[in-house]
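Shared between the two complexes below is chain A, which has chain B as its partner in the first and chain C in the second.
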Partner chain A sequence: MVVETMTIEVAQASAVGFKAIGAGLAVGLTGMGTGLAQFGIGAAAVGATAENKEMFGLALLFTVIPETIVIFGLVVALLLLF
Partner chain B sequence: MSSVSTTGPAPYIYSSTRMRVRKMKLIRHEEYMRMLNMSLPEITRSIEETEYKAEIDELSSSFSGLDLIEVALTWNLAKEFQNVLGIMPGVIKNFTASYLQHWDIYNVLTILRGKTQGVRAGKIKEVLIPAGSLDRVVLDRLLAEDSPERIVEALSSWSLYPVLEREFPAAMEKGTFGDLENELFKEFYRYVLKQTKSGVKGGKPFRDYLKLEIDLLNIKTVIRLYKGNAHVDVRNLMVEGGGFSVDELARLAASESMNEILEGIKKRYPEGPINELMEKADQSMPLHEMENALTKVMLDQMDRISRRYPFSICPTLVYLKRKRYEVANLRAIARGKESGLPGETIAEFLVV
Partner chain C sequence: MFEPQTMSKLLIAASKDQLEAVVRELYRHNLFHIEDFVESNAQGLEGCKIGMPLPGASESSSELVRIRSIENTYGVSSKSMDADEQKMPTSEVRQRIERELLTIEQEAAAFSGERLSLENTIRDYGTRIAELKPFTVFPANLADLKGFENFVVFAGLVPAHVSLGVPNETFITAYDKSNLLIAVVPREDAEEAERELFEAGFQSIPIPDENGTAGERTVWYTHEITRLEGDLEVVSGRISAQKVKNATFLVACDELLTAEVERAEAPLRFATTEETFVAEGWVPTDTVEALTSDLQSATGGKVFVSEVEFDPIEDAVPVEYNNPDFSKPTEMLMDVYSRPQYGEFDPTILVSIVFPIFFGFILGDVGYGIILLALGYYLRKFLKEGAGQQLLVVFRNASISSIIFGLLYSEFLGFALPWDPIGINRHLLIGSHATGHGPDVVLMLVLSIWVGILHITLGRMIHMYNASKMIKSGHLRSKVVFGQLGWILVMWGALLMLWSLFDMPLMPVLAGYPAIYQGINGFGIAGAVLVLVGIIFIGRESPLELMELPTVISHVLSYARLAAVGLSSVAIAMVTNYIAIELIIDPQLANLSIFGVLIILIGIVVFLIGHTLNIALGILGGGLHSIRLHYVEFFTKFYKGGGKKYEPFGKLRKFTED
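Let's look at the complex of A and B:
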């Protein structure tokens, strides 16, 4: 029976790979979260702006608030990678 | 528009928000009260400052005084309803369109009544509200026909034509269109109730609301018949589909006193705003006050449902109803002022 042992190089390469997967998941999943949050706000914002042009600034502000979620994800991803 | 998504919750959120903003722009109670102290030209100017500006400006060269207000309100109502229909996406559009069909009934009957009484086509056109499936072009074509029979023939593609065709000969024989109107509305409610099951979001709560609307319509008829001392068979006058069965309504209508009718209604609605109204109401309450109070209850109930289901078909329908009553209120104020009625009397007729 042959027992495979992991060399230091392989372990290091795996760690980098898992970090990359983690970073990808952090950005990807938070991006989906942001999208889910934004679609409702976005639909309402477009509706409100169509009726009242003055609402545009406020509507835009509300629409971008869920962006914070994906920014947190991005920060986590950057911390993981660097 | 085919690329726009018409499924999922986004269309409901979009349309509900638009309708909510529009509802906020409707004339408020204080403004009505201020209008009651104004003269007719002042009221016209005041209306011009609101959503009716375009119509007043456009029509001010051809009309004046009460006519100007009347025609501007009618035009605005039709334009607004068509506009709402235009911005509704997907399944909401179909549902809104079927709900707006009651304007078709109103228009067809107005034309038939006008034509049988020899009113000029131009005069009839002023009061038509082309907000349903029969648009201006179709209505113009109907107005150009000479006889009521030809008008009915021209409506062969209308969804309510089978009822119209069935009831029209009897109506012509009798010379009144009351029964025909009843039958058309019965069919309309049957159709809309069926539509609420078509998968539209908010269909279920809306069905409950429709039941209430039908109930209140029937209650109003019963009370009107009682107050008018009319002893007729009420079964044909009642709309089916509400909380009361036709038999129950017939029993209510056969009541000896007003209190008996109120008790019967209270039994069906042991709590809530209708019960409260029935508690307050008594023999002496005038008919118009009672009717107004019932309408207010209906609108409040609809508001409640639309708050409970904020992203459904309900906010759209609430707006359509409120807009209709806004126009009715403005018309009541304008007409009341023209006839020299005091402000307090006009206020009793407003639904605010």
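Let's look at the complex of A and C:
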């Protein structure tokens, strides 16, 4: 087993790396969450709109509600990176 | 402004001999929203019956059906046509209908028949070519395979060579990954041969009924199809010549007859007795006088028009927007959600101002703005009226706002303009030229949060205004008003508490004052009190609403998308530029070679694809997120909607005049 000496530069570099990984996870996982939530709502919304065109506005509204989750992820990622 | 048009309910009564004059006058004004009469024992109209159509209704409708069928043949539609400068007088249209309609109709029928038969023949020949295709590898005359008395012919595809155990003459050759097999066997052995063939995986195909080899016949059919397509083109040319000649007349007829049919059927919506009729309906209040006096003069004073009292909240009053011209196109975005109720606060003007600002804040880029502007102007050719046209105007305003914000952000397709960003810097540190301190992410986030706080507070305040205006019961009204005040107090109280604990850019600095209790300073305690009072107010309106308390935070944070979506769009643009220019094009330009030119072309393609995608994402991101913030975060605070559309009886004439 090789024990690496961790200099300050290495520690700083890996901190930056971990931040980037964290940011990626934040966007990726929340994106999946939003997708999971939207697929059911989206399918139902398209169905409702097909039956009654007046539903479109309301259907769109329902569909975009879970988008907030991924936006939070994006915000967290941006705060991590900058 | 900020409210739909004021309406008046009119009751028009006259004797039946004035019916036609009244209907004609109402139609001409295009103002009267007819309230359909339902036969019931409603007070005042007991025993009234639904009226009969005016004479001439059925003739007009049958003529209209004929006109529509001709329009269909020629592909004429009044929607896609611009009105002529010279409108056609109705008397002329009438005369021409009697004189020319039959000829035009016969012409159209002949053309459409000819076109149909040509199209059918071409399709038929196409099928025959497809049927002949497997036999093109068979060199003999196809007619020779038919007409045997003592033999049976099998034709079809087999996966592998097969030899039959019965006397036979077989032709087999490779065709399209399989083999074409034609076997002639004596009739008495046919069953045996069939069994063997099917065991070998034989798929029968019918032998085409043709005289000649398959190759010859295919050539002949192909020639025929080319010839017929030529004929079809000639016919189509004649049809479009006829279309040009007759289009104006047809749309004028359509308009005139539609008007006649609609007028003739209007009495079906009136209440009538033996001798009189009563029409109820709505008109904008400022037009009542003009309409009344015109009705009086059209009937020689033999009509009774009176305004009826109505309940603005209980009655389903039709709603017509009342907005300045600038905001009119945005009404389309309102209709997508829901039309305001009568008497409700109409937020169209707010949306028409705030929506483009949000859009520009998200997609602030001069280059994208100009491209979207051009795209909008190009699409105008296709969307001439209605919601599409309105959408394009909204889109245009949004693009202009995007250009303005682009100038502030100093962005052009992700490149920097020759000046520093004014106020907010969104330039990410991507590429070798990247200098400076990177984007002001925190600044943008806090700014968008501020937008959220103010937008939501405004929404709650409008709800208070609506409630004080539309709810009659004083007790309920004060509950709702204080409930909304409670929401505002909770939000601002929470903010006070946050401010008293943390220093944040662009926010009041309240931390650092001496603590009063448990390390919390005076502002923090004031905030806590506000939150508490707010919760009591909300709970008084409805305890269930307390479940919604977390939305105070989530709805405000939702506005962070203004910053986040915009930054991601900048990032895509800058990464596209970095890949296309710095990684692909620049190294080749340094020492140019013939191969290098190819790579540069690839770089340009990458650049174009990247930016096209980003524009598409920008429209979705900028447009959908901006409107979503209105629909979900803003409207849910106060907006009810569900108003009935004001649809006046009548039509603005585009092609004809009296």
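Keep this in mind: the second predicted complex is superposed on the first by the 79 of 82 C-alpha atoms of A that agree within 3 Å, B and C clash if a C-alpha of one lies under 4 Å from a C-alpha of the other, contacts with A are read in each partner's own complex, and residues count from 1 in each chain.
Throughout what follows, a residue touches a chain if its C-beta (ideal position, glycine included) is under 8 Å from a C-beta of that chain, and two chains touch if they have at least 3 such contacts.
As the structure is a computational prediction, the values presented were derived from the model and not from experiment.
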Clash-or-fit label for the pair chain B, chain C on chain A: fit
Greater chain A contact set [chain C / chain B]: C
Partner chain(s) touched by A:G40 [first = chain B, second = chain C, both, neither]: first
Contacts of A:A48 with chain B and chain C, given as first, second, both or neither: first
Partner chain(s) touched by A:Q12 [first = chain B, second = chain C, both, neither]: neither
Partner chain(s) touched by A:F56 [first = chain B, second = chain C, both, neither]: second
Partner chain in contact with A:F72 - chain B first, chain C second, else both or neither: second
C-alpha centroid angle, chain C to chain B via chain A, nearest 10°: 50
Touching partner for A:F82 - first (chain B), second (chain C), both, neither: second
Superposed arrangement (fit on chain A Cα atoms) - minimum chain B/chain C Cα distance in Å: 9
Chain A-touching residues of chain B, taken from the complex the two chains share: 9-11, 13-18, 21-22, 87
Chain C partner contacts - residues on chain A that touch it in the complex: 56-58, 60-61, 64-65, 67-68, 71-72, 74-75, 78-79, 81-82
Chain C residues touching chain A - in the complex, by the definition given at the top: 335-338, 438-439, 441-442, 445, 554, 557-558, 560-561, 563-565, 567-568, 624-625, 628, 631-632
Contacting residues of chain A [partner chain B, same complex]: 39-40, 42-44, 46-48, 50-52, 55
